[in-house]
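Shared between the two complexes below is chain A, which pairs with chain B and chain C, respectively.
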Partner chain A sequence: MAASEPEEVSTQDPGAYVAQVMAEIEEEVRLRRASGDLPPKLERELDELFLAHSPVAGRGGDLTEALRMVDAATFIDPVVPVDSQRAAGAFVKKGMRSLLLWYLGWITHQISQFASAVSRALHIVDGRLKDLERKVEVQRVPHAGVVEFPVAHDPAAWWVTPAIGALTEVRGRILHAASGDGWLVRQINQAGGDAYGVDPRPDVVERGLLGISDLRGEDLADHLRATSSAGLGGIVLSGMVDGMGSGQREQLFNLIATRLAPGGTLVIHSVTLPTWEAPDAPYETDLSPGRPLRAETWRHVLKQSGYEATVQSGPDGADYLVTAVRATMSPPEPTLTQ
Partner chain B sequence: MSAAAGPYGAPVAVHQFIPTLNPHDATGTHTLLLRDILRQAGWRSEIFAEAIHDDLAAEAFKHWMYPDHATDGDVAIYQFSTSSAVAGYLLERDLPLILDYHNFTGPQHFAGWESLTEERATRAGVELALLAPRAQLGLADSGFNERELQRAGCRRTAVIPVLVDYGRVSALPDPRVAAALAALKAQGGTDILFVGRIVPSKAQHELVKALWAYRRLYDPLARLHLVGGTSSFDYLRSLRRFVHDLGLSSAVCITGEVSDPALAAYFSAADVYLSLSVHEGFGVPLVEAMAAGVPVIARGVGAVAETVGDGALVLASADPSYVAAAVQRVCADEELRRRLTSAGMRRMVAFSPDAISDRVVAAVASVAAP
Partner chain C sequence: MKVAFVTPRYGPQVMGGAETAARQLAEHLVSETEWEAEAYSTCALDPHTWADELEPGDSEINGVPVHRYTSAHGRLPDFYGLDGRLRLAPRLATLDQGRRWVDYNGPVSPQLVDAVCGSDADVIAFYPYLYHPTVAAIGRVKVPAVLHPAAHDEPALYLPVFRGTFGDADAFCFHTAAERLLVERTYPVAERPQIVLGLGVGESAGAGRPGVEVADLGERPYIVSVGRVDEHKGSKMLASYFATYKERHPGPLALVLVGPVSFDLDPHPDIVVTGIVSEADKWDIVCDALVAVSPSALESFSLVVLEAWVDRVPVIVNGTCGPTREHCERSGGGLWFTSYPEFEAVVDRLMSDGALRTTLGARGRAYVDRFYQWPVLIARYAEFLASVVARGRGTPGLFSSF
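Take a look at the complex of A and B:
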C-alpha cells in the first residue's frame, strides 16, 4: 500500500485528511479482495470457527444442542498429549504418561461412565420437557394487553378530574399504567403530583417521549417487581385490568399490595360489561382472556385486601372509577369474639 | 471554589457511593480522584462501597456504614457502572443525589455467555430507571451517556469526562516486562495492543481475527497483546481455543490483570492500539493510549468517536481485512502516525483532571448548596 505524500497532506485540514486516508484504506481492501488475497469465504470461516467455540447458549440456548455437546465431551481421553517446547520435555512427558496410563485409564473410565449416565438422564429429561411444552402450548392463557376505549382514555374524560383529585394528598411517586403517550402523567404533574408512566407498547411510549421524559416501555408486572417495597404513593390503572384473566389479575394485585405505600391510593378505571361487549368495542376485547369486573366486585375485593374503596359510575353507565386507599396498618386479625 | 454551608452553617459533606472500589478500573480511579478534588474544594468527602479491594481498604467504608458518618445536608454522588445493592440503599434514603453515570454493558452483550452477568446487567437497567428520575443532577462521561441518562428520566444533566490517572501510563515501565517485550520486538513484527476486561462486549475475538488477517496480508510476525483481567471465563476459554485453532498461540499474549508499571511497559512497546469493542460508554484505555503516544485505531461504537475526536482512526466495521489494512496504513505511514499521536496528545490534555476539576466542582456546587 502506498502512503500518501507527506508534503501534499500536511497542509490539509484534519477532517479532509482522515477522510482521504479512510478512502485509501477502503480502496486497498477492495484491491486485496479482488486479487484473491483474502477471499470473503475465509472471513466467514473465521466467524464459524469462533462460533464453534462459543457456549451453546450463545447459539440460542437449545437444550438438544447442549446435549449434543455434552455427548461429545463425555469421553475423557486418558492419553495426554506429550508435545513440548523444551528440548527433553516430550521425552519426560512420554515417560510420565507411560507410568501413569494404567492409573489415569482406570479413573477416566469411571468418569466417562458417570458422564454417560448423566447424559442419558438429561436426554430423558429433554424428551419429557418437549412433551410437556407441546401439551402446555395448547392450554396457554394469553396475557391481556392494553385495551383502550377512545372516549374513556382521553384527557377530557369525566373520570380524569376525580382521579387527579384523589391523588392530590398522595406522598411519593404516582405510577400510571397504561400510560400511553403520557396524557394523564402530564395532567397529574401539572396538578402538582410526581407521576410517571409505564406502558407495554414501545411504539406508543416512543411517541410520548417527545413531550415527557419519564415514560417506561415495559411490562407493568416486571416494572413493579423492580420497584422498591412500599415505594409508590399512588397507582392509577386504566385500560389494564379489564381484559386480564383471573391469574394475571391476582398476580398484579399481589404486587401492588407490596409496592403501594401504606396510606397510598389506588385508582382503577374500568368499563362496564355492556361497553366491553358493544359491537363498536376495540377488537382487543375479543382477544383478551378476561372480562371486566362489576364495580361492586372491585369494592368487595379491595375491602378484603385492606383498602377503603369508593366507586363512582360514569354519567352514561359506560364506565366507572374505583378509588381505594390502602390502610396505614395491617387489618386486625380476626378473633373468636368478633 | 469553597464548599457550600449546610443548613446549620457547617460545610456540607459530599460523599460518594460506588458498587466496587477497585484500583485498576476506570470508575475506581475516577472516584478516588474526584474524592481528592471535592476535598480540595472544601467539602468533607468519603467513599462508601459495596465491595472494596484490599489495596484500598483504608480509602473507603462499606456502604452500610454511612449512617455513622451522616450529617444534615449531606449530598450523595453515586458512581453508576453496574448493578449493586448500593442502588437500593440510596433509593431508600432521602439524600440529594448526583448520579455520575459511566454506562454499563447491556445484557444483550452477555446473552448466551454468562447468565449471571446477563441478569446483573438487566438489573442495572432497572436500577438506572429508578435512580435517574430521583437524581437532582446527572453527570455523564460523554454525550452518548448523557442521552442514555435523559432517556432514563434524569431531568438535569451535564457532560463531564471521566477523570483519568495518567500516572498509570507515565509510570516507569516494569523492567522485567519491558525486557521481555524488547526481546520480542527484536525478532521483528508489529506489536498491537488492546487494554480492557476480557468480556464479549470488548470483542477480543474480533482482534484475533484482525491479527490473523494482518499476519496473512502484511506482517507474518505481528503480535497481539491483550491486557486485562476477566469476569467472563466462558468467553476467555472460547478465545483461547480460537487462538489455538488459528495457530496463533505464540502471537497472542493474554496477560491477565497487570500492575501499573507493567501496563506502562505494554504501552511503550506498542506500535498501535486497536479497539474493536461493540460497546463503549467512554473508553478510558483509548485516552491512556493517546497519552502514551500510541496511535489509536478504534471501531466507532457508543461514545468512541466522541472520546477520541481526531486523535484516532475510527473504523465503521471490524471486518478483518479492513482492520488489517488500517493497521498497516498506520504502521507504514509516518505522516499519519505523527498526526494521530499529536492530535491524541491534545485530546489527552482536554481530559486531564486539571482541565476538568473546575467543571466538576461547579456542577456539584449546584446541588450541594443550601
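Take a look at the complex of A and C:
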C-alpha cells in the first residue's frame, strides 16, 4: 500500500499545512463577511441548522463568533410567512397577518430595541476584554516547554538506574513526564513497574505511539487535573521543571500534592545552573521563563511540603536527581469528583 | 486468553458505529491473534426500540461465539420526555434521574447482565458507555473491565449516573485522542491504562465502474457524503448548505448522499440520494468524488473519512466534531467548516485547486497506512488486553451503584 505522494507530503508537517490552508480560508471568509456578500437573515438560518446538532461544548464557539450570532438574531421580523399547502391557507394567513401586524410590529420593535441594546453592551464588553487581553499579553509569563539535554535525557544516563530503583516498591501507576517517545516508560515497565507517559509535544509522542500503548500527547498540568485524587503511585519529572517560572512550578506541585498517593514517590531530574547556562545548552533554555533550582532548594521545598527527600549529584556535577517520598497518612476515600 | 465483548446489538446486520467496531475487533482478534473472543448481546437490531428481533441463544458469527438474551424491555415511551428535561442541564440531574434515564433508554436485559458476570473470559470489553448492559454490568464483573466509551460531546455524557460506569472501568480504549480528552475532561480517570486505537480500514473494494455511472450523474462532477442520511448526522444541514452554495455558484457540481435515509429531504436538482447501495457501488462512488464530506458533529471515529482517504479523496468535516477534525489535523488530509461562509470558502477552494485536492488526498492515505491497517492495529490491541489482564481487576462496584 505504498502511497505515491507529492513531494510536499513528506516534507511538510501535516498539521501546519492544513492550519495554513485554513488560515487562508478564514481570511477569505472575513473578507466576504465584510463585503456583506451573504444576507444576514440567510446566514442566521444556516447557523441555526449548524448549531441544531452541534456538540454541547462546541455551541457558540468563541465570544466574537457568539456575538456575530447575537447580532444576526437581533432583528425580530413581525412579517410572518404566509405560505400554505392548502389553497385558502395562504389567503387566511395573509388576512390574519394584516390584522395583527400593527400589534406584533409594536411588540417586536421593542424586543428588537432591547436586543440591540444588549448586543451593544456585549460589544463594549468584548472590546474591553480584547483590550485587557492585549495589555496582559505583554506581561504574560510564557509557559515553560520541555528542555532536553541529549546526554541527560537518554536511556544510558547515570540517573536512570537509581530513578527506577526508587520506584520498584511503588504501588500504583507511575507517570513519566516528559516521556518523549517512551524511552523511560519502557525501562520502568521492563523493571516490573506500571508506567505511562505524558509529553506536551504531540509530534514527539506520535513517534512512539505504535511501539508502546500508553503515551499521551498533552500538557502535564492538564493531565494531572484529569487524574483521580491520590491516583498515582509515582511521578518522574525530567526535562520539565528546569525552566519553569515560579508560578507554573507552584501550580504543578500543588497538583502533584493531591494526585500522588500518600507513600508515593516523586522523582525529579534536573540539570544544574552551569549546565543550563553553558554555551552548548539547547536553545530552549534561553526561551524558558525560569532557571533550574539548586538541589538543596528542592530538598528544602519538598521537606516543607511533607516529603522525605534525598539528593544525588551527577558524576560531573552537571545534573542531579531528587527522590522524594510523600508522607503516609490515612488513604483518602476514592472519589470521582474533580 | 479470552475476551468477551458486551454490546447492546451485535451482528453483520447492525450498521451502528460502536457495534460494528466491537464486531470487527472480535473477528480480527480471533483470526489474527492467539486470543479467543466471544460476544454477549441482546436480540435487538433497532436502536430506537430495542425490540427483540433475533433468536435468543448461542450462535457463531465469523468465528466468534455469540450469546444473545431477550430484553425485559426496550426503549420506553417515557424516555423521550425524561431525556428532553435532563438534556437541558444534565450535570444537575440526580443519580436517581440518571438511573431512570438509563433504564428507560434500554435495552434492559437482566439475563444478559447475569451472563456477562458469569463469563469465563479473562477480560470483558464493554462497548459503548451509554446503554444499560454496560452501566449495569461493569461494576459487577469479577475480571478486568475495558470500557470502549465511543463517547460524543452529548448531554448524556454528563449525567452523574455515568460516573460509576467510568469509575469502575479498569482500562479504556478510545477511538481518537479527541474522545480521550473529552472523557478526561468529564471524569478524572486519566491515570487508568488506556489506548487510542481506532479501527482498521481495508483496501478500496469498488467494482471499477465510474462513480458518475453508479450515481447516474452523466458527466457531472460531484462531492459525496456517505452514511446515514439523518438530521442528527448533519445531512439536512449539508443539503441546505449545498443548495445555498449552488444558488450562489451555479454550475454542474452535484452532491451525492449515500446511505439509508431517515428523514424527508426536499428534492433538489443538484442533490442525488442513492439510498442503501452495495459496498462495491459505495466505493466506486467515493473513488471518483472530488471531495467527501462528513457533516456530522457527533462522531466518535468516522470510518467513512478514512475510507475516502483510502481512495485519496480529500475530505471536509464538521469543525466542531473533535474526532474527525483530529483526523484532518493529524493527517493533513482534510479541511473543516463551522459555518456556512466557511463551508462555501472551503468548497470554492477545493473545487478550484486540484493540486490541493491531490495533496490532501495523499496525506490522508499516508495517515491511514500508518495508523489504521488491521495487522498493526490488532497487534496493539492484543498487547493492550494482555497488559490489562496482567494488572488485574480493581475493586468491582467501587463507584457504581446501579
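By definition in this document, the second predicted complex is superposed on the first by the 206 of 338 C-alpha atoms of A that agree within 3 Å, B and C clash if a C-alpha of one lies under 4 Å from a C-alpha of the other, contacts with A are read in each partner's own complex, and residues count from 1 in each chain.
In this section, a residue touches a chain if its C-beta (ideal position, glycine included) is under 8 Å from a C-beta of that chain, and two chains touch if they have at least 3 such contacts.
Quick caveat: nothing in here was measured; it's all calculated off a predicted structure.
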item	value
Contacts of A:Leu100 with chain B and chain C, given as first, second, both or neither	neither
Partner chain(s) touched by A:Leu287 [first = chain B, second = chain C, both, neither]	neither
Touched partner set for A:Tyr17, first chain B, second chain C, both or neither	both
Partner chain in contact with A:Leu129 - chain B first, chain C second, else both or neither	neither
Residue contacts with chain A in the superposition, chain B compared against chain C	C
Which superposed partner A:Ala226 touches (first chain B, second chain C, both, neither)	both
Which superposed partner A:Glu28 touches (first chain B, second chain C, both, neither)	both
Partner chain(s) touched by A:Leu46 [first = chain B, second = chain C, both, neither]	both
Those residues of chain A which chain B touches in one complex and chain C touches in the other	1, 3-4, 6, 9, 14-15, 17-18, 21-22, 24-26, 28-29, 32-33, 38, 43, 46-47, 49-50, 53-58, 61, 173, 196, 209, 213-214, 216, 226-228, 231
List of chain C residues in touch with chain A within their complex	152-155, 158, 163-164, 166-167, 177, 180-181, 184-185, 187-191, 193-196, 203, 231-234, 236-237, 240-241, 244, 296-298, 312, 320-322, 328-336, 338-342, 344-346, 348-349, 355-356, 358-360, 362-363, 365-367, 369-371, 373, 376, 380, 383-384, 387, 391, 398-399
Interfacial residue positions of chain A with respect to chain C in the complex	1-6, 8-9, 12-15, 17-19, 21-22, 24-26, 28-29, 32-33, 38, 42-43, 46-47, 49-50, 52-58, 61, 65, 173, 175, 194, 196, 206, 209-210, 213-214, 216-218, 223-229, 231-232, 259, 334, 336-338
Interface residues, chain B side, partner chain A - complex	88, 91-92, 111-113, 115, 123, 126, 129-130, 133, 150-151, 153, 155, 205, 209, 212-213, 216-217, 234, 237-238, 241-242, 245-246, 310, 313, 319-322, 324-326, 328-329, 332-336, 339, 343
Chain B-facing residues of chain A, complex	1, 3-4, 6, 9-10, 14-15, 17-18, 21-22, 24-26, 28-29, 32-33, 37-38, 43, 46-47, 49-50, 53-61, 173, 196, 209, 213-214, 216, 226-228, 231
